Every structure is written in structure tokens, then in C-alpha cells.
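Each in C-alpha cells, the structures are laid out below.
The two complexes that follow have subunit A in common; it is paired with subunit B in the first and with subunit C in the second.
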Partner chain A sequence: MDNREKLRDLLTDVLLLADEEFSLDLKREDVETWDSLAVVAIAAGVEETFGYHFTPEEAVAATGVRDIIATLERKGISFEGA
Partner chain B sequence: MYQASGLNAVRIVREAEVRADRHVLDRLWEEPTTFAFVPSNLALTEDWIVASLALIPAEYRREHFILMTSGSTGQPKLIVARKDRAERLAAAIHVAQDGEPAQETIACLPLSYSYSFVNQWLWAHHLRRRLVQTDGFTRADELKAALDAAKEAMTCMVGIQVPLLRQLFGTHRFPGVIRLNFAGGRFPQEHLDALHEIFPNVRIFNNYGCAEAMPRLTVRRAEDASSAADVGFPLPGVELRAAADEQLEFRSPYRAVAVIEGERFRPLDDSEWMVTGDLGRAAENGSWLLLGRKSEVFKRFGEKISLPAIQAAVQRVWIGELAFYRETDTLGENAHVMVLAPRPEREQLRAILAELRRDFTRPHWPFRIESRDQLPRLPSTKVDGGALSERGGVTVEWSQQY
Partner chain C sequence: MKAHEQRGRRWGLAHLRAADLGRVWLHASPSVRARVAAELELPLLDSLEALPSAADTVVVAGGGAFIDRAKRFRQGARPGLRLIAIPTIWGSGAEVSPIAVLNGEGGKEIHVGEDLIPDHYVAWPELARSVPPARLRHACGDVWAHALEAFTSPLATDTIRRNAAELIDEMAAFELGYDPRWFEAGAAACLLQARSSVGLVHGFAHVLEAPLAAAQPSAGWGHARLCSTFLLPVLAFNRNRSPKVETLAAEYGLDVSRVELLAHALFDAADYGAAMPLAAERWGDIARDRCSRTNCNVVRRDSLEFFQRFSPSPVTA
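Now for the complex of A and B:
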């Protein structure tokens, strides 16, 4: 499983998305389950899955899937092709 | 055996003794003797029972009977009741449940449970109807034979037995069962269609009460409401009220007269309102709605969480068993863990999660969803709340991550 698939599974789990709802362009305002607790859950899930601990600022600033990917890529976690 | 020698002895009768000689209870009921009818499958020593019965004052040692009950913790208590009151209740239930056409009753729960004892054994004894004893679902072949042979029969079940009917008997039908009563837990409202397929001539009732009520407070016909939480209207003479914090309380002319718990005999005053242990409120039409056990309703992130409401939503798509236990989450908030049995397929889990998302905001979602091959149960068939959180044999199906 590549990193893109891992992130898709994580967000699908945390946000209770149907498979067809997930896309790289998904933003916080697109899905009602991306609430403040989801921000905490995504941060915890990212640490568990990718080994990187979001700072509180990074966690709050991540308002879409591409923001999460950008933050992780800056830390050397590759999402090549995303 | 007798608890003490002499005229005022309390006779102890075990379930197995009644299974071997069905007329033991008939004789004890007609005699002035007070008797204690206790399950065979509880790991209680004779010494414990004898010591508890020794607490009973002399005036309760005639014309009474005593049953045992256990809460979700499994701690036993003895409920002392009057024979004449229970007979009047059996007659009231008979009328409320349109019981007249039923000529026999098939016992598929232990008769020592207050529900089965009053709704079935006493009903049969008082109204001179036939009682068919079985070992219930532990001997499915015997139960199937009894249900097959049923002629204008009534039976009593608990909701958790419904999935077993399909599992053990497939599409087999039992046309001879014409009355089916549920109590002792959540009413299986979502399975009514399936129940009518299995029992094509049946009329189904939801009974509600508690051991201290010995045991019925309300009855409703299944079709008279669409929610499992609706327990219907009080039986004649029974009063219900929602007291502070929506605690459901009752007064009843049929109720128990004393409780022995924690090595203490406690008489119950008829004029006092007694707690049922449930939360509830009256509907506009006067029927009563259960909101859950007190321990099943709590605050989480400032929101009022109702485990029965969550269960009702999930059971729209999950036909297996379901229970909850409580814990504190990693943020220090009250949280609930949902336990499913048997283990769900991936698509079933996705369907459950979709229901949660559709009906509830995140604080209501379980902190985790776990699964087991089967739920741990007490001998009384109630879910063993203590064993539910033990880690052995558990699969984590989903979690909130944080």
C-alpha cells in the first residue's frame, strides 16, 4: 500500500467517508464530519500511520487533503504522483 | 431443602427440581409456605441462600414467594413478593395481552426468572393452561419440537434470542404459536417482519417492568408503536412518572414487598415511588418512552449521549448482537465502546459507520468498535458488563484514532 492509499484509508476511517467521496481535492468544508475532533483524530492517525507528529498549527491549518500531503512531503514523506 | 426447621420455614426450590417434577411449584403455590425459587445455573452456595433467607422476618414466611435477580454486575439479590398480588398481575397481563385464545405456554427461558415465572408459569397455573417446559435454545432440537407441536400457544422470549431463531431454525415456521411476548431488554422492533414470517399466526407484545415490580408495569402490542423505546401504557393500577433527571419511577399494586441485598432485608413501602433504573418520559398519547438505563445516558463533549438511541440506529443495519461498555478516552472525556458479535464483514461495518454518520455527530460515535465471536453473558443471559471490556478474543474493527 503506498502513502496515498494509506492516507485515503485514514481519512475514510476518521471522517466515515464512502469510498466514492474521497478525492485529493476534498476540503474540510466539503464534509460535515471534518469537525474539530476530526482534526485531533487526523493528527493522531497521521502520527500512527506516517510517524510524524503534526504541530497544533499544522493540524489546524490542514483544511484539505492536499494540505496534509504538502505538510508531510515537507517532512520527507513522499506522495509521488499525488 | 428448607431454610430452617419448624412451621415458618422457607422452602428452597431449584430450577432443576422443577424440571424433574413440574408439580413442585403447583404444590408450593397452593400451600401457605413461602418458597424461594432459585436458578440452577447460578454459582451460589446453599450457604449464601440460607444466610440470606434467614434475614426474612416471620410475617413474610407465609403466603410469599422469593425470586432471585442479578444486575449487570452479576451481584445477586432476592425479591420477596406476595402470592395473591402476583396472581392478580398474571390475570391483568392475560387481559392486556389478549391471552384468552392461548391454551398453553412454551417456556424457553428459565422459569425462575420473574418474567417467565409470572408471565408463563403463574399464568398457566392460575388460568389452568398447559405449561410446556424446555431448556430453551441450549437444546434447540427440543425447543423446535415443542414449537412444532404448539397448538394455540403463547411463549415469552427476550430480544437477544431473535437472531438465534433464524440461525437455528432457518426459514422453518411455527404456526401453532399465536402469542409472543418480549421483555427483559430491548424490544426487537426491527425484527417484527421476520418474527411474523417465523410465527405466521402470532400477535406480538412488548412487556416492560423490573424485578421489584414483580415484574410487569406496561404492555403494548408490537404494531401500536414504531419505536423499540415505546413500552406502551401502564397496566391497570400501575402509575409511572418521570422524576428528577428523567428517572422513571413506579407505584404498583402488584409489586414486590421486600428486597434482600447486601446482607440486608429491606421492606418496600407501597406508597413510595420506586426507581426502575431506567430513564423515561411520557409520550403525548400517554404511552411511555424509555431513554435508556441511567448508566446508558451521559454527557460527552457537552452533548447528551444515549446508548439506546445509538443501538437503535445501528440495529437498522446490524442483525447481530451489540453491547456497550464505558471508558475514558485519551482526552479525558466519557466515552463508549461498541462491541459487536459475531465479527462483522467489512461491508457490514461500513454500513454501521454510515448509519452513525447519518444520524449522529462525532461525540455520539463510539470511541472504538470492537468485535467478538459472541458476547460474554451472565447465567441470567444478561450481558456480562465486567467481562465485556476484557481484552481476550477482541478485534478492534474501528476507532476514533485519537
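Now for the complex of A and C:
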């Protein structure tokens, strides 16, 4: 499983989405379940899945899937092709 | 000083007797009603709704759910009323907590607010002596779940983790049964989780409590028993999913194997076997529960498999 698939699985679980509801362009404002608890759960899940601990600022600033990917890529975690 | 800053202070029975409470009534759970009424010599209420409008104070003696109902009643219907809580068992921390958990039509309703904290709580540990040993043991599991889930919470600060680690270390020396020290430990654990979060143990308990109690009314299912039942499996799940528990324990000087031994002692395989079919049926609700969503590891759709296969490893120490 590549990193894109790992992130998709994490976010569909945390945000309670069906697989077909997921896209790389998903934004927090588009998803009702992307609330403050989801921000915490995403941060916990990113650490669990990718071994990177989001700072509170990074967790709050990630307002979409592409923001999460950008933060992780800056830490050397590749999402090539995403 | 604002009114809410004075709330949640501990009193002894002597304080309660000496205090000027104005026009005061007593509301007590059936198990302690006669004893508390005789000791305090206060007029008894059959229900909170029957509280006269002239009342200045209500003294409420009972378990966590009983106190939570009074907290919510005061918040919703009588904001100016002084509320004094006498917990008859430890575990919920309802006597100090800004949270009230009520059984609503759609499941557990969680209310949060500083105005939910009772003005005072009264330490009267002798009341717990009349509680059956199994319930006392389950109440210990409730305290353990609060302390451990606060410690591992993704929302916990360094101070909360340090305080939780110290509390856990202290609690490890307590008997899993009657010990007055559980009251203070329970109140402390409750405050720690209220300032961070609880996790999946509480997700299981909140979703399963009402349907299990309805399906098996004489079996005595309740929140504390479910916390005791799921403490060990959830600890195992969290340790299996990531090194987070081990890393935090090492950082704060906590002996995880000692905690695991206690969780083993609280675990009842028959209760776990009885609760798991419903847990499987309601897994979607458990994973979505707001407590599960602040578990230290993410609770996923496929996490159920871990719990279905869970079998406690033999105790080696």
C-alpha cells in the first residue's frame, strides 16, 4: 500500500466517509465530520501511520487533504504523483 | 472571586452540618436514603422536580448518574440553587466534574459546563461500605480508565500527563475493593480526563451500557463494569497499534507492565464474551463515539477484528 492509499484509508476512517466520497481535493469545510475531534484524530492517525507528529499549529492549519500531504512531504514523506 | 471558582471544594460531614445552607432539602438514592436522612436530619425529596421554589440548597447523595441528574437539573431549571454532592461510591467523579452524562433517547447525552460542578462535595467514605464488593471493584476500573485514558489522550498536556502518571503510580498500590483513598483518586482522575479526554474504553461503555442493561436487566451492567471489562483489551489494542503507550510511559516513568497486571485483575472473560456480540453489532457507533475519536490511536472500521480475536495473554508477574 503506498502513502496515498494509507492516507485515504486513514481519512475515510476518521472522517467516516465512503471510499467514493474521498478525493485529494477534499476540504475541511466540505466535510461535516471534519470537526475539532477529527483534527485531533487525524493528528493521532498521521503519527500512527507515517511516524510524524503534527504540531498543534500544523494540525489546525491543515484545512484540506492537500495541506496534509504538503506538510508530510516537507518532512520527507513522499506522495509522488498525488 | 467568581461563583464557579469556588465550586467543587471538598467538605467533611462536620462542614456540612455547620454550614449555613438556608432552606435546604435532601435527595438521596434508595440505597442510602434512610441512613443519610437520619444522619443529616434534612427533609427528603422524592424527586428533584418536587424541590420547593423557595429552596436555597439541595444536598444530593448517590452514585455518579444520580449526581449527574442533579447537576443537569440545577443547570437547566434552577441556576441559582446551591448544590452539594455526597458520592456514595467512587469512579465517576461526578462530584467534581464539569461534565454530566445522562441517558437520553438517542443514547448517552454529554453536557459540559463549569456551572455543572457542584458547589461542594462531602467526603463520607463509610457510605461505600454498604456497596457490594463486585460494584466496588468495577468502580476501581472506572477510576483506572479515567486515569489511563487521560494519560494517553492526544489532548493531554505535559502537566496532565505528569499528574496522571503520579496518580496511576499511587493507585497501583490500592486494593481493588473498599479503600477510602479511591474517592480522592477518583475525583483527581475525573478532573484529569475532563481537561484532556477519554478514549475507546469509554466509547465501548457509552454505546453498550444502555442496550446491555435493557437486554439483561438483572445482570447489573453499568458504566463502571464496562470500563473494567474493556480496560485490558483497549490497552492491548493501543499497544498493538503503535509504540505511543510505551513511549509515553518511558517518558513519564510509568511501569506499563504493572498497569497491565491491574487491568488483568479487573478483566472478566465472561463479561467480555457477553458484551462482544453487541459490540460487533454496534461497532459503527462505537467507532464514531466522541470518546473513541480521542483515543490515543485511531479507531478504524477494521479495528473490530482485534477485539474479536482478543484473548488475554497469561500473566507472568
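Criterion: the second predicted complex is superposed on the first by the 82 of 82 C-alpha atoms of A that agree within 3 Å, B and C clash if a C-alpha of one lies under 4 Å from a C-alpha of the other, contacts with A are read in each partner's own complex, and residues count from 1 in each chain.
By definition in this document, a residue touches a chain if its C-beta (ideal position, glycine included) is under 8 Å from a C-beta of that chain, and two chains touch if they have at least 3 such contacts.
Computed from a predicted structure; not experimentally measured.
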Is A:A18 contacted by the first partner subunit B, the second partner subunit C, both or neither?
first
Per the contact definition in the header, classify A:V60: touching subunit B only (first), subunit C only (second), both, or neither.
neither
With both complexes overlaid on chain A, does A:A38 touch subunit B (first), subunit C (second), both or neither?
both
Shared contact residues on subunit A for subunit B and subunit C?
10, 13-14, 16, 37-38, 40-41, 43-45, 48
Subunit A partner, complex, touching residues on subunit B are 301, 330-331, 350, 353-354, 356-357, 361-363, 365, 398, 400-402
If you look only at subunit A, which of its residues touch subunit B in the complex?
10, 13-14, 16, 18, 33, 35, 37-38, 40-45, 48
For subunit A, which residues count as touching subunit C in their complex?
9-10, 13-14, 16, 37-38, 40-41, 43-45, 47-48
Touching subunit A in the complex: which residues of subunit C?
154-155, 197, 241-242, 244, 287-288, 290, 293-301
